[in-house]
């Protein structure tokens, strides 16, 4: 059977943006709307790399770059030409209910100490003993550590580990004094604690927002767009003195911003109707430019120059190289 | 075209019915008694045509596309498919199909246009052929069936044999579903146990399946001991049953013995709504209403309550199970013969004494059967716990803590990631298998008990 | 109290029937306590149900109305030209009309902010009007369009005007504009038919359940057409014809067990068999229906067998006794008598299928699709998966829409259960 | 009626135990019992006979208010037990039923042990203070019901495991155990084979030493064999009531006569 | 036995309609019927009597293979109808049952109209070609069952709405309508009142003009009244079989004698 509609899978973070592009595309052209599924970055890669042909997806969204092993998986299934399209940034943010009585400003080191499975305790690398924020630093509130965060299946989790946990780990005196290198950090600082304070809350960010609203002492980790929509009830937690906002995320001042991508299966361009037109819509200025409709949904646009380059590269369908 | 084929089939089958029936009637008019009613002669003709030809049409519908695609691909000029992978060939086919729909990109090469034409003509030809085959086959069957009409022909038996066959086929579907599930579970679980020793799985006390999904991902090291997971299931299930059983039983007792008819007529259906509410809704309810309330109460009392407390998930699940238990208990109580109730009342027992000392004990086997079925529901329930229970497995029986369940793990391990080759994903199947075995055991037990109790009163 | 132990000696002591001893009072009290517990149990269940529905209604009711603004729009030929249709500057035309009502807004710098009062879909409302009737170009027409979600929330009182400006999606100036429109009588909050008649959208004010309803319809139809005949056929065979032995016991246990198998396992099976082996399309309601049919079948089989069992053997014997064949007995007498029970079971099974989520997630029925499926093979969502998607959308408007969608789903469930109860009461037979 | 073995009986008048006056029973709109007056004597077996549906069971169930358990059933008129109106609102039917016991057409032992079946009534009424007392009541009741010898070795066996006749006698023992003053029996032998029937009939004759017994039966032979008084019901009315010997040999009412001579066994 | 009114009967020997030899029946491991030989004569009413559980019903159900419907039931031995072995695998039990009709203990009309109840058999056996013919069969059958006058005005009313006795006669009409050659009746009067019983007994006597009738009964009086031949079963064996008058007045077997003299109405 042929297929008339474009199929997009992938990251739940990119999902709202793909949705927006898909709806805009179909409104503008009257063409059948692309079908967008939210499968998580990893899951999307598995489906995307399943092979070429109408049974397989055309695009996949990703909240992190494609990895080497995924690229190889694609290649082994005959998906050899892939175009990487960088579309913008997502501000991963820590947030808490406005009902919280405390003013929150954490360092990444404190975040690490609160959430990691293993931390230095009296100079020894040991299981995380901290149960209250005040245990970590007396200046922090004397309340239980409760952080709701993404499950390991999600790219959000990967990004958080990389951007917050690893960096926080490296800031530890223990690590700096010990002279441990990046590999050591990756080896030892990637595990989130499983003894209660860190709660893997599933992929549903709205659910986390609502749980924050009902529990003023719980922190949540999720996309900035959800903070933005609910500014009246929740607030971003400042990291190293920087509160999350569109500006601080775009400038990478807020510690945990990450790039968003989608990947194009080049072999499908020219076969699946309207695929190229949809890609053009997705990366148009109206979409990902400043003030474009993606920013309404919470995406942080790329700086002008980067954006122009990314758009050009995407339109040229330049196949990506094997990631390092 | 397919519709036409079905219409032809229907028309010929009906005419076969009429034809054979009138033939049988003619024999009867001649004064001979036919073995079977004329109606059965007709029915036999109808079924003889309908069943095989229907199967033929279905097979055609399934095979049409792959066969024609194969023919088109096979008919392409030499060389154009050289060095192409299956997927690329698939894309070529998709391009050709797009052309038949009038969608082209640039100027397609001539061989593609030719193939598109061939594709169109093959489809048209195949449909025509199918209609002809259907008509011809039906006619041939009709012809032979018509010749069978005779006074001594056992048309009833013949028709009943066909119906019997159809019913057996239906049963096979149900059985095949089970076989399919068992096969899928066992096969994947076997692969899992090739990677993780059975003993580690069965007796391990650590469940940390978050081993790297990709070679270069860093995460927790894998540990696949299912005990904490099943323990979590047991904790949540126990909470659920502790809520559902007393409330359900008391409800049944009240409705069965004390409630005025009008109350019963209202309460029963309203309660049934509780079991009809989609479980995803209960999930929202548990996590957004019940859990915070419990946490708040706990905080007021100075007790630490996890925000994923098993109490919330289990409690809400218990609510869901109330009507299940109450209607089972109500049925069991109703099944106790009225004579026992009269017997007790006539001895001067109050209604409460009659209920508690005679009716309820007499209904116990049925009630226990129902409770067991509710238990198997509870451990198989998915969406409530996916939303309201935790993800992290811990060896605890404290219902105020967060625990995880077998179904939660299955869902989280599977949704999102469908690489069927690492133990993380395969572990879901091992868990599924254990769940299947567990519910099977409970069901066998429940059936035994219910059976035994039926024997007493039948 | 008569006491037989002394009946031999002095004859039973006569006691009055009205005389009430402490013992009797105690027994009566025990009776009342039992009743009290029963009523308490029922009230508990009802309270929970009430809280559940109330919490849904309290968040969901606002989604059943939608804020609209009625504008007098001059369809400027400079922006909208007949030759360029369906493209054109509809957005600009609408903005111009808004600006004409907001004297304090600067036509240049505030254009974007003002435009954001309207739903993104507003331009397409206008476009469709004009495409249908190009002669409107150059005229001033009156058009009613939805406002965008932040203003919808504002109008519904979900935005607390007292919160600091930085913590709101709408700032004080925007609120002022909206209030100006409101005072001018241009704002109305009619019933939100779009909730039913629109397909999904990323804009809450445009999003509706049509796609989900159509998808659910196709899925349930498929589910019914497959599970009903097969379920009844299997049940009749197993109950009436299959030899009773270890094997049939085993099959019975298995079918009971199928009803208890977690639904996600059926999703697993569907993923492996229907999608990967048979290559059926992803996200299709047909596949969803097949999957749900596998789950519904055991329910139907169990209900049918129970209904068949309930038909008294005397009816069977009577028919056999006059020389009817087994099949004549079953199809002529037993099945018609069992039909109400079978239908009830089927409806309840379908109601369960209606609310089922997990297996549909596995076969991709949780996609974003802005048009309703026109056949069971087109990609589509279903009601529960639509709820799932909406629940995870950032816009505030989706919170109430999620609850509203749940209420719609509950409405259908109550309807189906009501039907089952009606059937049961109407045809309930006592022999 | 030459084949009837009428039980010999004395002529002494007995005390009246229950007295019904102007009893009417309605099931919804159906008028099932029409103005019935009956006196039930102490130490007497009274038989109710009549064609099916004439209201025998209905009237019997008025005597211990078992009709209360039927929603649509409405009873008017007076029924007195030892001079007390049993339909008086102050009367507790539970206490009434302890005094007016009942045995049903189909034996209905509880699915408990034989012992527990008999001990059930004494237990709920608190008739025994100790286990020994209870044991005594159970044994005595089983003896009275002429089943002690058959079951004394298996008091723990389930009552449902007995044969039909044994079950019926067990039910009688159960009724006797609460020490009733009147015993109502609704066709107690209709589910039994002839041998079991003989045993139960013998028992009834014995029971009348201590109780007032009312028995509903289809079989005129049975009525003739076991009863001293007979009431003939027809279409909800009491047609004739009197000495059994008189009713069977010399009925006053032509309806009685035609029923009895058209007798079918 | 001085109270039995034995039906007068001629001495002519009748043709043998059904013949059973060495019939054994097992329910699973229970041996319910042990080597029974019986001849059922044409135009004769044969009664099966015996204590409860002795196997009367079981044996009766062998005669039209109704036992086939009980999974665990196994029948061995020979039973012939007009010289044909009815357990021959080539025999269609469905046709057999059309020839050997059956009436059950509890009246069991279909939940359909009175007309449809009677017409059902003729319809499935194709006995009537036209509606008029069918009407005729229905009327004739209802007349034979002596119920025509009571129901002729309400043939469309549901059969379940009739009284017990009427229902039983309707069931007989239904059985008669298929034109059977043998009619088996399993305690057809046990659910009936005496008046209805009398009607059915009269009917049975009439039916024997056309059919061979086999009746199971608990009541020896009934057996004596309606039958010409009687078979006495005990614990699964046929103890005695012969002329009813002989069995009741002068039984050969001591077991028969003791059962009959221990008779209870």
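All chains are identified by letter, namely A, B, C, D and E, in their written order; residue positions are counted from 1 within each chain.
Here is the rule we go by: a residue touches a chain if its C-beta (ideal position, glycine included) is under 8 Å from a C-beta of that chain, and two chains touch if they have at least 3 such contacts.
Because the structure is predicted, anything quoted here is derived from the model rather than measured.
Peer 1: Suppose you hop from subunit A to any chain it touches, then on again the same way; how many hops at least until you reach subunit D?
Peer 2: The least step count works out to 2.
Peer 1: Most central chain by CA mean?
Peer 2: Taking the mean of all protein C-alpha atoms as reference, the closest chain is B.
Peer 1: Hey, how far is the Cα centre of subunit A from the one of subunit B, in Å?
Peer 2: Chain centres of subunit A and subunit B, defined by C-alpha means, are spaced 36 Å apart.
Peer 1: With chain centres taken as the means of their Cα atoms, state the distance from subunit C to subunit D in Å.
Peer 2: 59
Peer 1: Please tell me the distance, in whole Å, between the geometric centres of subunit B and subunit C computed from their C-alpha atoms.
Peer 2: 20
Peer 1: Between subunit A and subunit E, tell me the centre distance in angstrom, where each centre is the average of that chain's C-alpha atoms.
Peer 2: 84
Peer 1: Residue numbers in subunit E touching 2 or more other chains?
Peer 2: Expected reply: 124-125.
Peer 1: Can you tell me which residues of subunit B touch two or more of the remaining chains?
Peer 2: 284, 288, 350, 353, 386, 415, 418
Peer 1: Which positions in subunit C are in touch with at least two other chains?
Peer 2: 27-28, 325, 391
Peer 1: How do the chains pair up in terms of touching? List each pair.
Peer 2: A-B, A-C, B-C, B-D, B-E, C-D, C-E, D-E
Peer 1: Hey, which residues of subunit E end up touching subunit C in the complex?
Peer 2: The touching residues are 64, 66, 69, 71, 94-99, 101-104, 106, 108-111, 120-121, 124-125, 171, 174-175, 177-178.
Peer 1: What part of subunit C is in contact with subunit A in the complex they form?
Peer 2: My answer: residues 86-87, 112, 120-121, 124, 159-160, 163, 166-169, 201-203, 279, 281-283, 364, 366-371, 379, 389, 391-396, 398-399.
Peer 1: Any idea which subunit A residues touch subunit B in the complex?
Peer 2: Touch residues, subunit A against subunit B: 1-4, 39-40, 42-43, 46-47, 51-56, 67-70, 77-79, 117, 144, 146, 148, 151-154, 158, 161, 186-187, 190-192, 194-196, 199-204, 207, 210-211, 214-215, 218, 267-268, 270-273.
Peer 1: In the complex, go through subunit B and note every residue touching subunit D.
Peer 2: Within the complex, subunit B contacts subunit D at residues 261, 337, 339-350, 353, 357-358, 361-362, 456.
Peer 1: So in the complex, which bits of subunit C are touching subunit E?
Peer 2: Subunit C reaches subunit E through residues 243-244, 312, 314-325, 328, 333, 337, 429.
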